[in-house]
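So that you can tell them apart, the chains are marked A, B, C, D and E in the order they are listed, and the count of residues begins at 1 in each.
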Amino acid sequence: MHHIETYISVIPLYAVLVSIAVVPLILMSARNANLREFWTILAGVIKFGLVLTLAPDALQNKAAEFTIIEIAPSVDLVLRADPFGIYFALIASGLWILTSFYSIGYMRGAGEKKQTRYFASFAVCLSATIGIAFSGNLLTFIIFYEILTIATYPLVIHKETKVAIAAGRKYLIYTLTAGLFLIAASAITFILTDTMEFSAGGIFDSTVIPKNTMIILFMLFLCGVGVKAGIIPFHSWLPAAMAAPTPVSALLHAVAVVKSGVFGVVRIVGFIFGPEVMSSYGLNIILIVFSGSTIIIGSLLALRQDNLKRRLAYSTVSHLSYIVLGAALLTSSGFTGGIFHIATHATMKITLFFCAGAIYVNLHKENVSELDGIGKVMPWTMASFTIGALGLAGIPPINGFVSKWFLGIGALEANQIIVLVIFIISGLLNIGYFFPIIQRAYFKEGYDITKNREASMFMVVPLVITALLSLLMGFYPDLLLDFYSIASGISSSLIGGAGL
Amino acid sequence: MQHRIASPIILLVSRFITPYIMLYGFYVIFHGHYGPGGGFQGGAILAAAVLLIRIVNDPEVYEIHFKSSFGIPFGAAGVLIFFGIGFIAMVLGGNFLDYSYLPLVGLTQADVRSTGILLIEIGVAFAVMAILVSLYDNLLGEENV
Amino acid sequence: MIIRNLPAIIPLLFLAAALLIPLINLLKKNSAFSIAVFVSLLASVVSGYGLYYVDTNETIRYSFGGWQPPIGIEYVYDRLAAFVALVINVISLIVITHSLKAVKEELSDREMPYYAITMLLLCGLNGIVLTGDIFNLYVFVEISSLAGYALIAVGEERSPFAAFRYLLIGTIGASLYLLGVGFLFIMTGTLNMINLAQILPSINETPTVIVAVTLMVSGIGIKTAIFPMHGWLPDSYTYAPSTTSALIAPIGTKVGAYVLFRLLFFIFGIDYFSRILPVGDLIAFFASAGIIFGSIMAIAQKELKRMLAYSSVAQIGYIALGIGLANPLGFIGAVLHVLNHAFMKACLFLIAANLRINEGHSDISKFDIKLGKKYPWTFAAFTIAALSMIGLPPMAGFFSKWYLVLATIDSKAWFYLGVILLSSLLNAVYFFRILERIYMKKYSSDEIKEEVVFAGNPNKYEGGLSLLIPVVLLAAGIIVLGLFNASIVSLINRMIS
Amino acid sequence: MFSELFLEYYDYWFIIILMIVGMYGMIMKKNLVKKIIGLTIFQMGIILFYVASAVKWKATVPIYTPSVPNTEIANYINPLPHTLMLTAIVVGVATLGVAFALLIMIYNRYKTLHEPELLERMK
Amino acid sequence: MKYFNYLIIIAFGAMLIYASLGLPQRGPASEVASQETSIAGTVLPSAYYIKNAYRDANTPNMVTVVLADYRSIDTLGEEVVIFTAGLICYMLLWRKRKNAA
């Protein structure tokens, strides 16, 4: 629980603003699709570059801080790029570049309308996500959280069909309500502690607050961030929101929105309540119950889905709770595994969604039962899909195994055998709902295979890259960006002991 | 509406009585310093005199007497007298409506105040008369035409 | 000289304008609008400077006629008064600037009296804000109320009856207030607010004073349209001319709320909240009922202006709730919401006015994507204002709600916390309903022909820059107020310190 | 005991009755003109209440005459409520004028001043 | 609704009667409002007016002095009210007269 050294730097602000800054450019170049998408990708590259310059700080346990404005007396609108924030920002901004390329292929391939609005909202979403990552206190977090809610809405309803609009309404009701709970919880926190800063190890003084208050407060927080984190029973917007175009599902529902929720859970567990308060008030039990049941129920629900994207959505619901459960264990390995799972799940799930989108654009198939023999039609796509699916099931040497390994150790450290059992069951269920797809794709006859028909290069290249990333991170967890080291660093700052 | 012809007696009496009503109105205004009365009451009596003519006569006559389109501007002018006196006091360095700053030389301060009161009472009377007549014109206008 | 006379100058400027408009109209027709704009610009500048001066120096106490209070009447220009006066004048400046087309359209031949009465309304409102004498307050309440009735009565066909109901209820309110003043005068012998605040603590448990407080608070409550005394508001705002709604909705009821601040926090004192009468609890209870009622009724409305009117009932509830909670955070929330809601409602009502001028209706059931395409900037402003009404950060509306939430938690009023949160959701329902229509409602098939006609849009700049710029300015103001609310909050903090 | 109470307060009580009558007229009467009459009665009640509060036994009207010294407060009744009520009366007149103007507008549009009928015709 | 209205009226009456219990006796010059200083020790206006109105403005009618000098802004407000009423009637009913004429 050592304090992070901070220094003042404008880079976090630039990183947040860069994608909002291109929104006017995107809107102005509505007539010229190539120029418009050039802006998107330019912003993505710049943003990623900016976050990358902060990455060394994360390893040295330093944090760039920038106070934008004093938004309320004694509460600043402050951006602080601490290791956890940088970690999340790296994932989000890195995958945005790939998604942008993929979006170009997908949107043009599927002939979607209103692409300008789509790319503009996308850019705002990314700004909000980076803002969430770099939020230095709860109020800043809320502000970006709500911006993300609103900016995602146009993406969810993008198709403007009845289904999409209904999904949009559902999404809004869930997330806005959650936002209100979050506001209430933050307000209570502010009254109780006079501060809203995120600080490793928590801000509560565990001796003075009665237990009931603490439990109610924690439940409010859980409702607040749990909706975006897809914790059952707050999850049902997530499958509904699959009505959105696939890149949206991919980025937002595998990376930005849901991961913001999970990020929020970890922030609140680790940086508002702190492991000590969590365990002394027994709050971790609540979290374990919720997330454990979510893992099992989510997987079971996934088994029943025929629509590929919905199956992936329920899989997301289940996997998000891995991360929450990792945090709930309150052990060093638990945190490491959970936080590392943010990265691994992002790479794997985005691969799967990319594949689903490619299949939809190419063959207009949405259901699992229609995928017979597709492995021969789209070999690259299905190979990547297989990697992602196996990774999610936790099969080595794909990176999903690494995070699950640490989660398992964390469960042992915390003496929670039941959690270990949950992980094992869920792994089996993962195999249960992914294996049929692979089996249909490769071992059933379906399509006329006279000709390989991969989707456009814009789509195939990104999904192959993400699949390769998943694979390589399994061998070298510190590949490219030191995700693993950062994750263990964060967990050691939370628990105090050295990470594994 | 049909054209009305007032009876000669009413015409005559109203013509005879109107100046006295007006005179009484002025008395009430100026006697406000020494007894019950003042601008509002006096103004109301003046308005009564004007209204008597309005009730009795046709528009051709009473429009000469007091043009109905002048009601609002006259009222504004009346309030402006009140306002202006206060404003002069303010310009000359006092507070708004501080009569002791009025530029009346050769009077004691109490007398200056007394004069100030008189002046604004005149403004009040003027405004009240004009507005009451205007109220009558507007409320009952369609019947008169 | 200007500084010393500042409290007198602000209302008197408007009075002078109201007097000069009929006179100048005799010489030069159609000059009313320019005089009105000029005077409200002047008043905004003066009150802006006044706020700066009062904040950096000390409260200006101005005695009319040179008679020291309580012999004469004094005006008290403190931070709170200066703040509310500035809000009134800035909003009125923007609305009046916008009004040229609307008034031409709706009241073609009555411009002169309309602007003169508008000036009188503003004179009355500024007088209410500045005065330090409870009877003088009554006089100015009546000036502004009478002007308000008239401005409402020149609207649509049903407006005279709406205005008449407003007149009856409003006069009852003013009379109750006057009766309360009478009781207080008999018991204390003074009418000066500061004196009353000194005298009242020693007698505030006598029945007469308790009844006086009740009468005054409920009288002003009627003027403020606190639930359940809001009955006059929806009809009046709906049938009034567009400019009137845009003028009265943001600032008219806010001034009532301001009087409640003055009465409860500065004259009767905190004793009445805690010990003698459950004023605070009652106000907070009715406020929360009003919040829920107003929001639900707003959802049920099919007409934009009527929806906004009911939403006003709810939003006044927020302010009243802040007053009723009677803690510093609640005060901050309420005062901040006076400002924020003035901007939001002015923006929304001006948008409704624009729609009526350009489209001839503001019927929600006829809204569709065509409208959104035709008026992109207008509806961008609408979106901002709507998000602010819902209370989403970083719009201004979020922060006033934030302080109200903090206030409810501070006084452990969990029920009211729930009400605020629930009402945010209800707000979201009725605003997103419109946003969905504007941005997504498809044309029905027979309307496609019409679209071709609209392709060559004759209305450049969405009906003219004079309509668009005020709306956009207000929307920008909402964001700016949100970002810079810390300095406003610290100003409010200085008001109560 | 009761007679004392009555003698000291009877004017207040009559004024209260007056106000209640006014309020009854305003709330319960269906005709808009009667509502206005009620309003006026109510206002008159308040005005009388103020004026009644100014009274002092054995005092004279507040007009200074040298034979009655003004150093003794008990010699003149309280001038302030009267002044206030002069203002209130004018305000009442103004309100009445506006109310009648509105009534004329309503009557011209709907040809009735009976409230239920009016509501019926407004549909 | 009707009974509710009765209830309002009765409640109003009851409140006023309750208030009258705390009112001072009518008539004696010792009444609070007529004193020179209030119970908190501040100057009260009524007594001041009686004593000083003639001296200050050389006008015997105290009501006139109070109306037009001490509380002159009230009177200005009153004038504005009546002016407002005139303007309002002009605005509301003006069109009709023009048409008829």
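The criterion applied here is as follows: contacts are C-beta pairs under 8 Å (C-beta built on N, C-alpha and C of every residue); 3 or more make two chains touch, one makes a residue touch a chain.
The structure displayed is predicted, hence computed values, not measured ones.
Q: Enumerate, in label order, the chains that touch chain B and chain E alike.
A: Both chain B and chain E are touched by C, D, going by the contact rule given at the top.
Q: Counting C-beta pairs in contact, does C-E beat B-D or the other way around?
A: Most C-beta pairs in contact, of the two: C-E.
Q: Average the C-alpha coordinates of each chain, average all protein C-alpha coordinates together, and give the chain whose average is closest to the overall one.
A: Per-chain C-alpha centroids compared to the overall one single out C.
Q: Compute the centre of every chain as the mean of its C-alpha atoms, then state which one is farthest from the centre of chain D.
A: Greatest centre separation from chain D goes to chain A.
Q: As a test of understanding: of all chains, whose mean C-alpha position lies farthest from that of chain E?
A: Result for max centroid distance from chain E is chain A.
Q: In whole angstrom, what separates the CA-based centres of chain C and chain D?
A: Roughly 30 Å, centre to centre.
Q: Please tell me the distance, in whole Å, between the geometric centres of chain B and chain C computed from their C-alpha atoms.
A: The answer is 36 Å.
Q: Using mean CA coordinates as chain centres, what's the gap between chain D and chain E in Å?
A: 10
Q: Chain A to chain D: how many Å between their CA centres?
A: Taking the mean C-alpha position of each chain, the two centres sit 71 Å apart.
Q: I need the residues of chain B touching at least two other chains; which ones are they?
A: 34-36, 38, 40, 72, 75-76, 79, 83, 96-97, 99, 135, 138-139
Q: Tell me, which residues of chain E touch at least two other chains?
A: 16, 20, 23, 31, 33-35, 45-46, 49, 60-61, 63, 67, 69, 71-78, 80-90, 92-94, 96
Q: Could you say which residues in chain A touch two or more other chains, in rising order?
A: none
Q: Among the chains present, which pairs are found to touch?
A: Per the contact definition above, the touching pairs are A-C, B-C, B-D, B-E, C-D, C-E, D-E.
Q: For a test of understanding, state which residues of chain D touch chain B in their complex under the given definition.
A: 61, 63, 86, 90, 97, 100-101, 104
Q: Provide the residue numbers of chain B that touch chain E in the complex, in ascending order.
A: So the residues of chain B touching chain E come out as 32-40, 71-72, 75-76, 78-79, 82-83, 86, 96-97, 99, 108, 110-111, 113-114, 116-117, 120-121, 123-124, 127-128, 130-131, 134-135, 137-139, 141-142, 145.
Q: So in the complex, which bits of chain C are touching chain E?
A: Residues 15, 18-19, 22, 64-65, 67, 70-73, 109-110, 113-114, 116-117, 120, 123-124, 127, 135-136, 139-140, 142-143, 146-147, 149-150, 153-154, 160, 183, 185-191, 195, 198-199, 202-203, 206-212, 214-215 of chain C touch chain E in their complex.
Q: Quick one: in the complex, what on chain C touches chain D?
A: The touching residues are 135, 138-139, 142, 146, 149-150, 153, 157-158, 160-161, 163-164, 167-168, 171-172, 175, 178-179, 182, 185-186.
Q: Which part of chain C faces chain B closely enough to touch in the complex?
A: Going by the criterion above, the answer is residues 1, 5, 8, 12, 15-16, 18-20, 22-23, 26, 62-66, 113.
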